[in-house]
Structure formats: structure tokens, C-alpha cells
Amino acid sequence: MKITPEVIASLTGGSIEGNPAVEIKGFAKIEEAKEGEISFIANPKYAHYATTTEASVLLVGDDFEAPANLRATLVRVADPYASLAMLLSALTPKSRKSGIESPSHVDETAEIGEGVYIGAFAYIGRGVKLGRNVQIYPQAYVGDGVEIGDDSIVRPHATIYEGCRIGERCILHSGSVIGADGFGFAPDGDEYKKIPQVGIVVIEDDVEIGANTTVDRATMGETRIGKGTKLDNLIQIAHNVSLGSNNVIAAQTGIAGSTKIGDSNRIGGQVGFAGHIKFGSRCEVGAQSGINKGYRDGSRIIGYPATDIETFARMSVLQRRLPELFKEIDNLKKKQ
Amino acid sequence: MKITPEVIASLTGGSIEGNPAVEIKGFAKIEEAKEGEISFIANPKYAHYATTTEASVLLVGDDFEAPANLRATLVRVADPYASLAMLLSALTPKSRKSGIESPSHVDETAEIGEGVYIGAFAYIGRGVKLGRNVQIYPQAYVGDGVEIGDDSIVRPHATIYEGCRIGERCILHSGSVIGADGFGFAPDGDEYKKIPQVGIVVIEDDVEIGANTTVDRATMGETRIGKGTKLDNLIQIAHNVSLGSNNVIAAQTGIAGSTKIGDSNRIGGQVGFAGHIKFGSRCEVGAQSGINKGYRDGSRIIGYPATDIETFARMSVLQRRLPELFKEIDNLKKKQ
Amino acid sequence: MKITPEVIASLTGGSIEGNPAVEIKGFAKIEEAKEGEISFIANPKYAHYATTTEASVLLVGDDFEAPANLRATLVRVADPYASLAMLLSALTPKSRKSGIESPSHVDETAEIGEGVYIGAFAYIGRGVKLGRNVQIYPQAYVGDGVEIGDDSIVRPHATIYEGCRIGERCILHSGSVIGADGFGFAPDGDEYKKIPQVGIVVIEDDVEIGANTTVDRATMGETRIGKGTKLDNLIQIAHNVSLGSNNVIAAQTGIAGSTKIGDSNRIGGQVGFAGHIKFGSRCEVGAQSGINKGYRDGSRIIGYPATDIETFARMSVLQRRLPELFKEIDNLKKKQ
């Protein structure tokens, strides 16, 4: 099939301005696109590239103001970024693997669904259940008793400790570790005694876990990642944490033990949450924040300790004016 | 064996209030426990669950005030959390593996102790020495010349570079990397020349290393983790760091090169220690702190740059009052 | 060959003070060195050890003031740290491995250069190209279509996703993940749709990637790490980031999506860079800084939000004086 603005408009429900027949051979960022490629403008910061890009087709928003000297054909859509996601999914060739490579270790008690891929040197333990079309890449580890739902993907060197449960359509990137022991020790004189961590991790459907992210098993009960939540790389989720659905959390954030977080939060990178707090839904948390107590639904917070975004901005300005403040007080004292 | 309050009281040295014969089938958190389960109250924040929990037995402290309408049998002990640790250890079935799975790579010069487990696709290099009952999980890597003491556990995808030494009863969780090169480069014009890192890592007895934690080898000599120290996930320990005994360090903390830390410190998550500092013993360091100099034994510090906990609390309050301060100065100026 | 001050002086272009014939058997840090070992003084903080060390030879700078009672032979050089690097490289036995261990998985379409090492349980995908003397350690993963230049080293459990390109003389430490999906999702009602990440990662020559560091593939186009850049452990490089040449970045730092960073920057640990910013060259960035906008070449910045190093120092002092400030204002008000 030739991919043209007409095809794209029909896939995205968009409208065409310009040549509807130009053939598209690939996707590219607007500042790098060449002739025959399609690009997009979702962020107004990049709008000025519209006149200089060599892209043949641009996916733009309904309110995009086309410059006079535009060469590219436009496809106007309601949400260019969402349409891009859809197009990339529709037009990128899928590389679904299947079959079982050798040598791999598949315990004889494991139940393996139809269409499953198991790469070389992967390890599938006792009593494991893999749903249909699950892809276990080479060198991944699936511990005893683990269950993985249909269409989930486990990349090389991902590790799932014994007894954990993974939903459908999940992606576990390389180096992620699901179900390592929670960090629990009881003081015993000068030493610490390990608290056996007998709980598990439950990851619901449609969750993506970034590279080298760690989700610890519960002391008792479950550590839970809710449906549709997306975790970036190098994140720490401690034992007995409960994360609701559709949260998006950027890299290197950490959530300490037993904290409960609601749904649909957007959390920046390198944030730290204290343990045992109850945090709302639909909040925005700025990068590098330190969250030491619960916040209500819809809060917009940042800083260390965290405060609302407006106060933080005002405080940041005033802190830079501290030298001036000290000077003014000296002046006032002199005048007395 | 039936597990009853009587068994539990005899194991923990506790005293019983209520039915001594009820049979226990599992452990659970107090807010999730069902009939036939035992739970505990160590943190007063959870005491109010005592009347609503369905748990049949509760492990509580000597000073716990039993509410009037309590259904559960109580077992009173001096330290409920420590008793829980002990009970979980005593009553949870152990899953000690043994034997050598195939294919695995065990160099013919390696010395393998009695009762050792080596999982499939594990790699045991030249001249490795594994003590008795060491468990090397599938896909773990034990480099040339590594020594591991009795009863230590190396989880899947843990990596131990050549020449490092691990003590007895240690646990290395998945994705931990022991002995990668320290970060040392000498400027050479615009470029950097690598300083070969010819030292090793020594991990003493009873140390636990969290998932995806990294401990770099020394430039020369040793990076050392002292007896009984517990490291959470995603921690960075740089080359030539020396950590004393019985330290407890939460996730995502980093310690820069050549810093020496004493014993029995409790260090929060996402803390950073500068390099080449000498830090005391029995300190408490708050989460996200930045430590750029040494502190005396017993310090309680937090913040960036770190300060004592009382000053930090006062400063945090005063910073929020900065807008007010600026207003007051304006008022004072006007009145003159 | 006997290693003596004469050999060392001739290798480093240094000059000898003392016995030129003493035989050297190893390298050590100055506070730990024994007779027959060579050590160095690059940092004046360690100069006082010169009189107490048992080292037989000391590598020191041209301006080092030799104490009266010195036992060690001195070798004076322009830059002791650089000379140390050179000596360690020249005199440390290399452990270059070669050959292909079994079982490993090498796709029949892969092109394998001369002198390559492929360890047991390593996975080499379809169409991979490995240059001369590349060392793929056991259990490493090299995805379909990956290219790796001459003399590069891939340590155990390093993962390179499909299509990424690695230059010559690179080192990828254990647990590093190159080319996992960038963190891109388009909101779709309450849910998020994954944006397929169809770009790659390009790592230029002479780059070192620390243990458990993650470099995400681009949404479209490339994520790029420039020639000679050195990344420490547990660093996050997001999709479409571009890092120039000869940057040195300490552990646990994160760089958010599409940020462009110039050359020869020195960046501390646990720093966070916001996305979509353009950052200069030859800057110094203090540990734990939060960088939310671009900075000019040669900036020296620190803090959260970041500010120049002098302002930060002044602000840190003044913040501690806040209680005093509030008191003075109270006094002023009373006097009116």
C-alpha cells in the first residue's frame, strides 16, 4: 500500500491542505525530516520549523496557522500527537516473534499459551502460566508460579521473582526487577534481622515498566501497580505500595513503603515519596519534589519539601532576593 | 504442626489474652487480614484497625491498650515487629534450592562447596570459590576469581565482576552489579583517559544488596561494605568507598568516591554524599539530603545542603513566610 | 621486566629523586601502600601521607615540596593523575578474552570480526555486525541489526536493543540498557496510548556507559552520545537527547527527552535536566542540581532551581540566617 496524505487523513479523520497524492516513506522529527517523510507539530515551540522543514507532509492541529510559503502538505487533526501515535502503530511493521528458541529452560509444569515466544537462555520456572502471544525475550527470568496475561512482552534481562502476577498487554523492559524483597529489617541490638517478605507484586493490565525499574514484593499481601500506569526507567517502588490506574511517572522517582497513590497522576522525574502516606488522584508533581505527606485530588505541587506550584515560584524568586533583604534591614537599622 | 497463639507465645516469649487454641493459617497486614490469619500492630497509626480487623490473632506491644470490643486473640510481646520477623522466619517454608541445572557454565577450576545450587545459564568463572549452600540463581554471573562465603544467595541477573569477595549469608538481588569499574578518568587535552580500576570490592558477612544497586571496584585497594549493612535498590556506591557495619540505606542514595562512612547509620532514600568525606556513626540522614562534608557521630541531619534536623524544620517554615517578610520590610520603609 | 623508578620515569617523562633502582611490585593508595609499591599524590589533601607511607616510590607533581624525612623515591611529573593512568594502562596485565564459548546464540546472518570474544549464554541477533576484537561477555544481549565497532567491550547482562549502533573502543558495563523504548504516550481520554518508538540510539567512539545506566531509543531519529563522553552508573538518558563529546557525568543524573547538551561539560551526580532545553559546553554543574532551562557555554551552576555557584553559596548562608532576620524585623517593629 502506498502511504499518502489521503491514507493518513482517512486513518486519522483529518483534512488535507495541499497535494493529497505525495508518497510517504517514513516518519521523522520536524527538524530532521527529509523529502518523502511525514512529521508533526504538537508543541508550538516547533511551529517555526514549518517553513524550513523538508518534510513532505505535516500533521498539525486544527488551530495551526499555515505560513504563506509552506511547501509541505498539511493534514489537520484534533490532536497531532495522538494521531502520530495512531499512525506509528498502524504503519510501523510489527516484529512479533514466536516459537521457542533453544536452549531455554521451560519447567515441565509450566502452562504455555498459543503463539508464545521464548527466547534462548530464558528461564521459565515451576508452575508458570503464560497467556497467549506472550513474548519472553532471551535471557529473561520468570520465577516459579508467576502468571503473565495475554500479549505481554518481557524484554531481555527482565526479572520476575516467584509468585508475582503480570496482567495483559504489559511491557517489562530490560533490567526491570519485579518482586525482589522489600526492604524490611527489625533492629536486634546493633544488628538487623531480615523480615521475610512473603507477599507478591501484582501488575494489572496495560502497564509499562521502564528499563532497570524495580518493584518490590510486599512484606505481606501485595504491592500493586494499577491498570494503564506507565513507569519510566530506574524508578523504585517499595513494598506494599499501591499505585492506582493511569499514572504516568518519569524516570528515577522513588516511592517508599506502604504509600497509596490514586489514579491519573502525572509525576515528574527524581521525585521522592515518603512511606505510609495517602496521595490523591489527578495531581501534577514537579520534578525532584520531596513529598512527605498526602495531598488532595487535583493538587499541583513541587519542591522540597513540596508546596503548591504558585508558592514555589514565588519563594524561588524571593530567595534570590535574600541578599537585598538583608541589605534593606541594615539600612533600616542605620536610620533609627 | 498446628500454629496457635500458644505456639506463637512460646516462640516469641509473649503472653496470651483470649482464645489460646485458634488455628492460624497465614500472615496478613491488619487492614487486609481475614479470619484464621495473624497480624500485628507495631505502629500506633494502625492501632485503630484493632476493632475492625478480621484477623484471629494480633501481635501487639506490652503497652497496647486493648479496646473493649476486641474479637482477636492478643499475643503481647516486647517488640511486635521483631517478633513478626522471627515468626515469619520460623513459620514460612524455606525454598532452598540445590543441585546444578543444565546448561550452566562452571569453569573446571572453580571450587564448589557442598549443597550449592547453580541455576541454568549461570556463569561461574575461572578459580571461583563458592562456600557451602551458596545459591547461584539462573543467569547470574560470577566472574573469574570471585569468592562467595557459605549460605549466600545470588539472584538472577546479579553480576559479580572478577576478583571480588562476598561474605557469608549475603543476599545479592537481581540486577545488582558488584565490581564494575570505578568512574576514574584523567583529562588529556579535551579528552579523558581511563584510569584502569585494578582494585576490588569486598562485601562482608550478612550484607543485603538491593535490586539494581551498583558497587564499583576500587581504583586501587578495596571498596568495602561492612558486616550487616543493608542496601536498598538502585543505590550507587562509588570506587574506594568504605561503609562500616550495620548501616541501613534506603533506595536511590549515592555515595561518591573515597568517602568513608562509620557504623549503624540510618540513611534515607535519594541522599547524595560527596566524595572524599569522612562521616560518623549512628547518624540519621533524612531523605533527599545532600551531604557535602563530614558529620560527627550521632548527627541528625537533612536538607540540601544538609543541616541539623531542627534548623531544617525552622528554615522550612520561615521560607514559607518570606513573602510576609518582604511585605513587613516595605511597611517599615513606608513608616520612616 | 623489572619495574623501577627508571622505567617509570622513562614511561612518564618524569625526573627521579632518590634510589632509581628499587623494584616495584604493585600500585596502592598512599594510605595503604606497602614496601615495594608505588603510589601517587595528585590531591594536596593527601600530601601529609608522604612522610608516613610505606610506599617505595611516589609519583608527585613538579611543585610538590618534598619533606625532610622522606623515605620514598620520588618521580616528578607534570600531572601525577594522568601519569598514573598511563602507568596503570602500561603495566597492568590485560585480560583480553577471545573465542566463542558454548552455548551462545549467534544468528547465522551475524557478521563477526576477527579476534571477537562471545561468552556463554550471550545472544547475538539477526544481521548484527561486530567489529574486530569486540568482547561480548557472557549473558550480554545484542539485538537484531545492532552494529558494534572495533575493540568495544560489552559486559555481562548489558542489553542493546535492536538497531542501535555502538562505536569503537566503547565500554558498556553490566546492566546498562541501550535502546529501550522512550517514554512517550498520548493521552486518550483517561488512558494513555503508547507512541511507538521507531528511532535508535547511536553511541559514538570512546564512550563508557556505567553499570545499570539506561539510554532510551528515539521516538524518531536518534538519541546520540558523543565521542569520548563518559557516563557513570544509574544514569537516565531519555529519548531524542543529544549529548556532545567529552562530557563527564556522575552517577544517578537524569536528562529528560529531546534536551541537547554541548561538549566537555562536567556534571555532578543526581542532577536532573528538564526536557527540550539547549545546554552549552564547558559548563560545571553541581551535584543534585535541577536544570530547567539552557545555560551558556562555561556556566558554573548548582542548586534547585539552578543558579550560578556564587549566588548559591551566598543564598545558602543567608537561608541559615533567616531566623535572625525575622528577629531583627520584630525588633525594628517594636522600636517604631
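Per-chain numbering from 1; labels A, B and C assigned in written order.
The rule is simple: a contact is a pair of C-beta atoms (placed from the backbone, for glycine too) under 8 Å apart; a residue touches a chain by one contact, two chains touch by 3 or more.
A quick note: this is a predicted structure, and the numbers were derived from the prediction, not measured.
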Report task. Give a one-word verdict, same or different, on whether chain A and chain B use largely identical residue numbers at their interface, taking over half shared as same. Result -> different
Query - Rigid-body rotation angle, chain C and chain B, from Cα fit (steps of 5°) - result: 120
Query raised in the report: In whole angstrom, how far does the Cα centroid of chain A sit from the Cα centroid of chain B?
Result: 26
Query - chain C: positions in contact with at least two other chains - result: 103, 121, 139, 157, 175, 212, 234, 252, 270, 304, 319, 325, 329, 332
Report task. Spell out the part of chain A that touches chain C in their complex, as residue ranges. Result -> 27-29, 32, 43, 45, 79, 81-82, 84-86, 88-89, 92, 95, 101, 103, 119-121, 137-139, 155-157, 171, 173-175, 206, 208, 210-212, 228, 230, 232-234, 245-246, 248, 250-252, 263-264, 269-270, 287-288, 304, 316, 319-320, 322-323, 325-326, 329, 332-333, 336
Query raised in the report: Across the complex, what residues on chain C touch chain A?
Result: 103, 105, 121, 123, 139, 141, 143-144, 157, 159, 161-162, 175, 177, 180-181, 183-188, 190-196, 198, 212, 214, 216, 218-221, 234, 236, 238, 240, 252, 254, 256, 270, 272, 274, 276, 290, 304-305, 307, 311, 314-315, 318-319, 321, 325, 328-329, 332, 335
